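Presented sequentially are two complexes of chain A, the first with chain B as partner and the second with chain C.
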Partner chain A sequence: MMNRIWGKTRTILPLLLWILLFVAVWEVGALLVEASKRTPENVLPHIYQIIEAALNPKKVSSGESASQLVLSSAGLTLGRAALGFLVGTICGFVLALIMKISKIVEKVIFPYLMIIQMIPILGMAPIILSITGDINTSRIVIAAILTFYPVATGTLAGFNSVEKSKYDLMHIYAARKIDLYTKVLIPTAIPYIFTGLKIAAPMAITASILVDTLQGDKGLGTLLSQSLKHAMSIYVFWLIVFFSAFVGILSSKLMGNLERIVLPHKRIRVSRAKEESI
Partner chain B sequence: MMNTMVRETREVEINIKDVGMTFRDNRGNDVEALTGINLNIYKGEFISLLGPSGCGKTTLLRMVADLLEPTTGSIHIGERLPREVRLDKKLGIVFQSPVLFDWRTVQKNVELPLEVMKFSKSERREIASSMLEMVGLTRFSEHYPNQLSGGMQQRVNIARALAVRPELLLMDEPFSALDEFTKEKLHEDLMQIWAKTNKTVIFVTHNIQEAVFLSDRVCVLSPHPGRLSGIVEVDLPRPREIAVKSSARFNELVLKVRNTFDGGSL
Partner chain C sequence: MTDKRVREKTLIQKIAENKRVQSASTFVLPVLFGILLFILWEAGALHVLLNTDTFTLPLPDRIFTIMSDNRDKILSNVGATIAVALIGLLAGSIIGYGIAVFAALFKTWGAAGLSIVAAFNAVPIVALAPVMTNLSKDISDDANTRSMVAKILVVTIVTIANMSFNAFRGLTELKPFAEDLMSSYAANRGVTLWKLRVPNSIPYIFIALRVAVPSSVISALVSEYFAEYIIGVGRQIRENIVLAQYSSAWAYIVTACLIGITMYVILMLIEGIVLKRRVNA
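Here is the complex of A and B:
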């Protein structure tokens, strides 16, 4: 019992410490900014001011308070990010599978993957927008492209991590190719895929917000740029910053939890059986 | 004299004739791993391939398993080639590392080859359960491999190899990564399992005591190039217990094996 409480404290304590440190550094910065700038809220407001803005029911724009505005725009942006994320995951996995099956495809395609990864989103977004001609589709495509790369490389790394002895074993059993993939290669790759997903999830959200800023429509990014241009309270900007950071972390955590559901053996930490005699 | 006569009436299961193996190394030089191997292995026999690393013992085993093809000579299992026996799913293999699948329970690991071989669900469950019972792991059937000790993992590995009812059990240094106590326990267990199943076993090892304790015959291989230096017949009575290791006959046999070995440029 004591152990369990101690265990919980041990996981919560670093988090509390981290938050405390974050607040301290932020507030020191805010005090310095306050002393030197004319409009400190544009550079670095106090945290209590941001919280106040979040709780303030005063209507900011089109009959909604700051918090309501952020949340209603968030649905649109996050929905598209999630859709793009899903599409990117499926495409990434399928491409990795094809690259594993055919070495030639891998040699031809892999350099292109690297190039796509190196183009900054800000450069890629207008190109995608002019190709698709639609901001909604662009958001999904950009989120998909960003998800695609970590998933494809992760999956491929997973396939390539299978030891030679496992191939030997399947060879001895005269297993068919399909069994080799479904029973050995794909299950081995799953943890690697999740590593990719944990990186990709926050990226898809960030990208979706960035694409919003390109063209006035609804969505978090649009709201963000309006707020920055002082079309509405600057605190809306700060709320979005905090909100998207929070959702980004949450999305990554969510992938971690999903991984533990999919892979039951990852849940087991204490090996009871090992303690007993052989 | 008596022994030889008995042996001649025994049925030859594996015929290895003039087998040689040449690899090409990174620099493009040919390296002779094995040369001129002639060996008959009898049905139901426990035979060891013993030698230091580089003597080609694993290479020879891999050729019987159809994981490698000999560059010269031929191997026949019964009337058939290793490839035909493999495709007929009559081979069981145990590697040095347990090669278990982390995401499968112990039970599901043993069922894997049966899944590949299209056994029905109830058959799979039944066979796997009886195999786990044989290796004494019934209690752990729902555990995952990372919850088991090295010795237990190797038992699962053996259970899985036997699950397909192989004609031939191939073991490639299965116990060399285990501690001495676990190893001795598994030796005894393997002897019991072997007595029950009557499989032909080819056992690769670099441990002289292990080879003598387990085998009917010990094939001593020497390196550079890998070749068969001699075969030592082990006439210790069965069933054998650990105590036999302190008998005079056991030590004589160990010495005989040692003298058969030709180190050359080791």
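Here is the complex of A and C:
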């Protein structure tokens, strides 16, 4: 019991020290900026000032305090990001499946899959907006395209990682093709899919925020650009920076947790390995 | 094929299983698909499919005409974008590798440091870019120089996380008993690092770069949106769209794709040369 607690503190302690170091560097920077600038909050405010702005109940815009404003816009932005993420995941998985089933489709599509990664989708946001004609649809489309690539390549890599012996075994069992997919190929690919999802989740959020900045609708990105142009308190900008960083990290962690729920055998292996190391 | 079938193979099966046909089809099929796509686009079928017009999605020949007409202007913007992407990529890779070496030498401290780096990786570029623009305001009186610094910082941060993770794996996931062998030679940490860990990490550096090269181009494009000085391919896409000059915007989009593809191909060539020599050695 004591050992386990000691093991936990041993891993958390360095992390805490690193965070403290980060805060210290930030604060030193903030002090320097404060000494040399007339409006230090535009460049680098103190962390306590940002926290104060988050807790301040003063109304910033349309009867909402800074925190309320950020949270209500975040709900909109994140909802769209999540929808796009879901669409992209499904499309990526289905395409990888089709590519695995048909060798010809794989040969035709694979080079283009590489090229899709090179297209600056984020830069193309305005064009997609003018093609779809609707800001909400284009947000979902862009988040979906960004999610699509890591998921499709991840899933395909997972399918291709199945050893030949497993195919042979299924052949001996006289397994139907559908059983080969549902019992061998897809379960093997799941960890690979999650690797893709972990990369894709923060990207979907970035996409959603960026599309917000294009049009004066509601959303985190709109709020971000308004705050940068000093249409409202600059602290709203800093709140969004911290909030989006936090949500980005959280989304990646969330995918990791989901993986542990979906793959309990991996969870057992990991926890056993952890106990052995302690 | 090891299984001997009683039934005679059909001609189509024979063709499909022919080695030469298979390797040729890897090139021919995608090219055919590309030509088909091009024809559909030029003939306007893509417009019907996407429910759009030639104003929003111009025909390919119009895009290429604009590209050749504005060659000098496009090239100067390409120069700015590539400079940002490459310098950021280089700086980020070096710092990221440095962090990985530190983490490999001091495991308890390093692993925690890596999770902080991972946190930075999850910060959206849109939040990072304006912060960097603010921070670099004092660096120079010249708007171009200070915008450049801000953009490079964004690309650097995006690259660091990716490189440090993969390099750390390369430095620590060694062949079984390799570390024991080094300790039986009474090799110290430095020698183990230089003779065992660093060479082992080289393929992992390329894994990192395969992700980092496209993402450095994209973060350069996005950071240009938020930069003070108006230059770069990404910024031109946006400026032209604001002016509703969609054909010019498309010219820059195609340029951006070409930058990404060219840099990726160059990376592949370097990877081929470096890793091939490793196998021979």
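Some observations on this one:
The rule is short, and it goes like this: the second predicted complex is superposed on the first by the 265 of 278 C-alpha atoms of A that agree within 3 Å, B and C clash if a C-alpha of one lies under 4 Å from a C-alpha of the other, contacts with A are read in each partner's own complex, and residues count from 1 in each chain.
Keep in mind that, in the parts below, contacts are C-beta pairs under 8 Å (C-beta built on N, C-alpha and C of every residue); 3 or more make two chains touch, one makes a residue touch a chain.
All values reported here derive from a predicted model rather than from experimental measurement.
Contacts of A:Ser165 after superposition: chain B is touched, whereas chain C is not reached. Looking at the shared chain after the overlay, A:Tyr112 reaches chain C, while chain B stays out of its contact range.
Of the two partner chains, chain B is the only one touched by A:Ala174; chain C is not. Of the two partner chains, neither chain B nor chain C is touched by A:Ile98. Within the superposed three-chain model, A:Val184 lies in touch with chain B and out of touch with chain C [touch as defined at top].
Between chain B and chain C, C contacts the larger number of chain A residues.
Overlap of the chain B and chain C interfaces on chain A: none, as no residue is touched by both. Every residue of chain A that touches chain C in the complex is listed here, in rising order: 10-11, 14-15, 17-19, 22, 36, 42-44, 104, 107-112, 114-115, 117-120, 122-124, 126-127, 130-131, 202, 205-206, 209-210, 213, 221, 224, 228, 237, 240-241, 244-245, 248-249, 251-252. Per the touch definition, chain A reaches chain B in the complex via residues 163, 165-166, 168-176, 179, 183-184, 187, 190, 263-265, 268, 271-274, 278. By the touch rule above, chain B contacts chain A in their complex via residues 65-67, 86-87, 89, 91-93, 95, 97, 99, 101-103, 112-113, 115-117, 140, 143-149, 151-152, 155, 164, 182, 185. In the complex of the two chains, the chain C residues touching chain A come out as 25-26, 29-30, 32-34, 50-52, 56-57, 108-109, 111-113, 115-116, 118-119, 121-127, 130-131, 134-135, 137-138, 214, 217-218, 221-222, 225, 233-234, 237-238, 241, 246, 249-250, 253, 256-257, 260-261, 264.
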